[in-house]
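Look at the two complexes coming up: chain A is in both, with chain B in one and chain C in the other.
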Partner chain A sequence: MRDFFASLYEWFGLSPFYSTDLGEHLRGYDITCSDYTGTPWYVYIGWIMIGLTIFFYILQYYIINSPGFNKRVHWWLTALVIILLNFFIAFILPWNEWQAGDFCKQLRITLADCLGFAASNAIWSFILFLLITSFNIPRRWAGHNTTDTTFWKPKS
Partner chain B sequence: MSFASNDNKIDEKEYNSLVEEIKASNDSSFKQFVKENKEIDNSKLAEYLLKFFTAKKISLTAKDIWQPNQAPNVNAKFNVDVYIENSASMDGYVRGVTEFETAVYNLLGNFKTSDFCDNLNLNYINKNITYTKKNALREDIQDFIERLEPSTFQQRGGDRGVSDLQKILHTVVEKVDDKNAAILISDFVFSPGKNNNAQDYLNNQQVGINIDFVEKMKKLDLSAIVIQLQSNFDGTYYDKTNKPVSLHCKRPYYIWIFGNSAQVKTILDKKILDTIKGGYLHRIVFSPTKEMASLEYKILRRPRIGDFKLEDGAKGAITDASVSQETATKGLFGFSLAVNFSNSMQDSNYFLDTVNYRLSNSKYSLTVEPITEPDETLRGLTHILKLQTNELRDENLKIDVVGKIPTWVENSTSIDDAAIAINEDEKQRTFGLKHLIEGVSDAFYPQSSENIINTISISIKK
Partner chain C sequence: MARLFIFAIGGTGSRVLKSLAMLLAAGIKPNSQYEFEIVPIIIDPHKSNEDLKRTERLLGNYQSISNETGLDNGFFSTKITTLNNLVSSENRLSGSFTFNLQQVANTKFKDYIDFNQLDKPNKSLADILFSGKSINKRGEKVDLLDTEMDIGFVGNPNIGSVVLNQFKDSEEFKEFASNFNKDDRIFIISSIFGGTGAAGFPTILKNIRDAMRNLSIDGKGFLQDSKIGAITVLPYFNVEKDEDSPIQKSDFIAKTKSALYYYKDNVTGNNSVNCLYYIADDYSGKPYRNDPGDNGQQNNAHFVELASALAVIDFLELSDDNLQSARGKALNPIYKEFAIKNESTDIKFSDFEDVTERKLGLRLSQFLLFKKYLDEHLSISFEREPWSVRPPELNQQFFDDTFYRTYLSEFLTSFREWLEEMSDNKRGFSPYNLDSGLETLIKDRKAKSGFWSGKVDYKMYDDRLNKFSKDKSYRSAQQKLINLFFETTQDILTSKFGLK
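Up next is the complex of A and B:
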């Protein structure tokens, strides 16, 4: 799981938005700089991102499930909340650890790194939301109110 | 089989890795090595490995297979025979109260009070052993030290005119065995005499010393420690032509310790030498290279040049290595290793000298620094090795620590002591020291062999 989320957030090694050092910390490089026995932030934040996105999907499509909340702007509003929340969570968790000095001191972590990782998490949450709202089946199970509320053809 | 085929031995790391493989495997053929409590039956496994390698015609004995409870018997007691050379050139070290006397008293006291010393025997030696005090008690040591004066040296007799170091070393080393370690204290200045060609004499002594040590090493797992100390000297120095020169200055002298590897390791572990009052200047340890032990190390995330990942932790491989894009270091790749050399018999300074390392890729340059700052992440580690290259490629970089003569020996050697009276630098040197050390070193570390003391292998992948 760690490697899966790591490659996801590091954009499959192509161009991560943050330094290798933050990547090592998020993999769980421990405070003694010896092994990956520290908190596996990639895994935690990855699951939080998936959970939050699914939660807001359920909220919009199954709980609210209202003809008054199925327009293009409502899809984007939910997407924006997901993006912001995931950005905030992915920023604040490593940032707090950095501030507390609770990481391997051989790693150099910067504010830009924390912002870069937060951006990665936000983008992936958007992609996930876009994907799950694109599939026909679970959306249709919610009934007729949000049948056409997708990125591709939201009701305007 | 690859474990043993590269060096004809299975070390601790290889053995443990094999045990883990057996534990993890479901192969029924491995079940014979697993006891009811799921632990490995080490004796059965060792026995099988021995049979297996014999069948594969790989020369390996039971001693070459590391075993969990195979720690050397460091608790065994042994006798310590102390020899003080009392040739005339030593008188200057014992006139009045000197640092020499303090250090020797301190050393003898350390041995006497140690838990490994059975009997402490005190001797004077020149061409022969001229005096012996067996099983010296505390008061005997005090008396021995108080009597360390030129008059006592003369009284103990023998041929004090020349220092035949080869003969002295031969006599001392010959008495070393598994029950007896030996300490030889001398200025180790060769005395070619005025009728001999100094260079020929030194060469002959070197060859003689070498042969004596090689012969002894065939019979005993011999190790040796040499420490260089300094003391005030007030007396007559005899130069290479035996011409007397009156000196009043600081002069180096040496304490050699001989024993089997376990005895020498015990002496080092108990820090007997480190607690000598006033300390010592330098140390060399000669030990058979077959004693190669695995090193504790970790790859550091910093300092580095370029970038890399440590996907398997600090002891694993370097992956995704890339060269630096920064202007100052563009095209370079570098990483650092923190290593623990404290279990090595060599002096810590030995590992600071990069000439004592051999890299499998000559395109890498090496610098070594001691770890002095308290750092939790470097706890238990003693040196930082910084490696750098301008040709990054996929490889297994081998870093070998090789046994050789440290540079201080060259710096402390005199090849002509005729002008010692007027040359201050010469007063700090020892005539022929290099020949003496080379004679011994060639026995332990023959120039025809690789003489690897320790080795670290790092996998680097781009």
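Up next is the complex of A and C:
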């Protein structure tokens, strides 16, 4: 699972948004710089990202399920909340550790790295929300007011 | 499918027919084991009568709507057809609902009876039978014999009975007779205090019961012993006093009495009708403009016309056993009247007896709720709400199409006008706050709304439309619109307003 999320956030080896040092820390490289026994942040943040996205999908499509919240503008509003929350979580957790010095000192981590990772997490949450709301199958089981709500319809 | 042939005679006939079309459009159906197809035949020499024109247009729109949507959608679920639709194509008459009275337009009554060709004794007899004054279409006073009949018989049944007797020799009567089957029924609508209706009812009834003697028609046996119902509308409205007009309120009762006296021997006395409905209202309310016919004669809809239309529904609910005839005579003639529970000048649903309230309340309210949504909320929701975008899509193209823009919109506009006119009239029928929000739409009925149950508003309406359209398949966009709104409005009114 760790490798799966790592390859996801590192864009399958391209790693354009943050340094490999942050990547090592997120993989769980421990404070003594000896092994990957530290907190596996990739896995935690990955699951939080999936959980939050699914939570907001359920919230909009099943619980709120209202004619007052089923237009494409509402989809984008939900997407914005998902993006911001995932950005914040993916930023604050590594940043707190960086501030507290709880990481292997051989690794060089910067604020830009934290922001880059947060952006990656936000983008993946957006992609996931886009995917689960674009296909007919999961939406068919959604509430009667939202089965037709996607990023492009219905118009507002 | 059995048929009900409705002969709607004169201005009252047209107006009652209009009320019936509204009830059928709203989905009110007889509680009967048989489905009936309605074949209206309007008999009125006054072709420019606005009430007749309005009814014809309404029936045409009804027919177009039900042809496109089918009959299984709640609203518009009873088939209405013209007589010519029953006839094979090569013999078709004009496609209208109106019986074409020959030689009436621009014809004086004296020319119609060839008065100048009569010998002296017959001329004298005609002078006695048709003495008195009337008016022509320019409003000028003329002798009765000089009456121009294209504005009707102007309250003169003695003229009407002569002219309407041509009915038995008409192509329409032949077509009607040859298409009349054993299970079919006949209903005759007329008023008793005017000219056309008072004369037309016994004339048509006699021609049907005497069909065996008519050599030019087929299907005589079925006609002679057919199940015939009729409503004779007694005076129910007031007219402005106008000394120069041949229509006087003070004559209504005298004319009614003499017609009833005639009916005693020739309609009820000889058991010609299987079920006869009487309706009247002695409440002297807001007077109608005194228009003998020369100004188009458009009267506001009246509650009595709605109650008269209910007689048609009631007639269809009677079992065949109650309507048996032999040798042209009803074996067990039935006579009925209509009453409301509370004496009220502005009738609401709670003023009806339970059976009438149940018959009208839910369905009429559904139709009004349908109309209100289209007027007040459609522009906000179409192409936006799932019920609209789900296939078949109800999009701009659909709402620009003739079905919606002409047939349905015109029908629903007439429905709203009909309710407004009945509400304005005195005695009025005003069970609705027509311009209020949804929660207070029905007088005497408060919508259930609260924190948990939610408000009754268009958001809730959309929610129900989305609910009922989910996972449903429809034959066409037209059928979807009618069917979906019927199901949705029924759900809202039963769950939120407690209507049954």
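One rule holds for everything that comes next: the second predicted complex is superposed on the first by the 151 of 156 C-alpha atoms of A that agree within 3 Å, B and C clash if a C-alpha of one lies under 4 Å from a C-alpha of the other, contacts with A are read in each partner's own complex, and residues count from 1 in each chain.
In the analysis below, a contact is a pair of C-beta atoms (placed from the backbone, for glycine too) under 8 Å apart; a residue touches a chain by one contact, two chains touch by 3 or more.
Quantities reported herein were computed from a predicted structural model and do not represent experimental measurements.
Superposition of the two structures on chain A leaves chain B and chain C fitting side by side, clash-free.
Of the two partner chains, neither chain B nor chain C is touched by A:G101. When the two complexes are laid over each other on chain A, the CA centres of chain B and chain C sit 170 degrees apart as seen from the CA centre of chain A, to the nearest 10. Judged by the touch definition given at the top, the superposed model places A:K71 against chain C, while chain B stays out of reach. Within the superposed three-chain model, A:C33 lies in touch with chain B and out of touch with chain C [touch as defined at top]. In the superposition on chain A, contact of A:G13 is made with chain B only, not with chain C.
Least inter-chain distance for chain B and chain C in the combined superposition, rounded to the nearest angstrom, is 50, based on C-alpha atoms. Interface of chain B with chain A (complex): residues 298, 300-302, 307-310, 313-315, 320, 375-377, 379.
Against chain A, the residues of chain C that register as touching in their complex are 381, 383-386, 388-390, 459, 462-463, 466-467, 469-470. Residues of chain A that touch chain B in their complex: 13, 20-21, 23-24, 29, 31-36, 104-108.
By the touch rule above, chain A contacts chain C in their complex via residues 66-68, 70-71, 144-149, 153-156.
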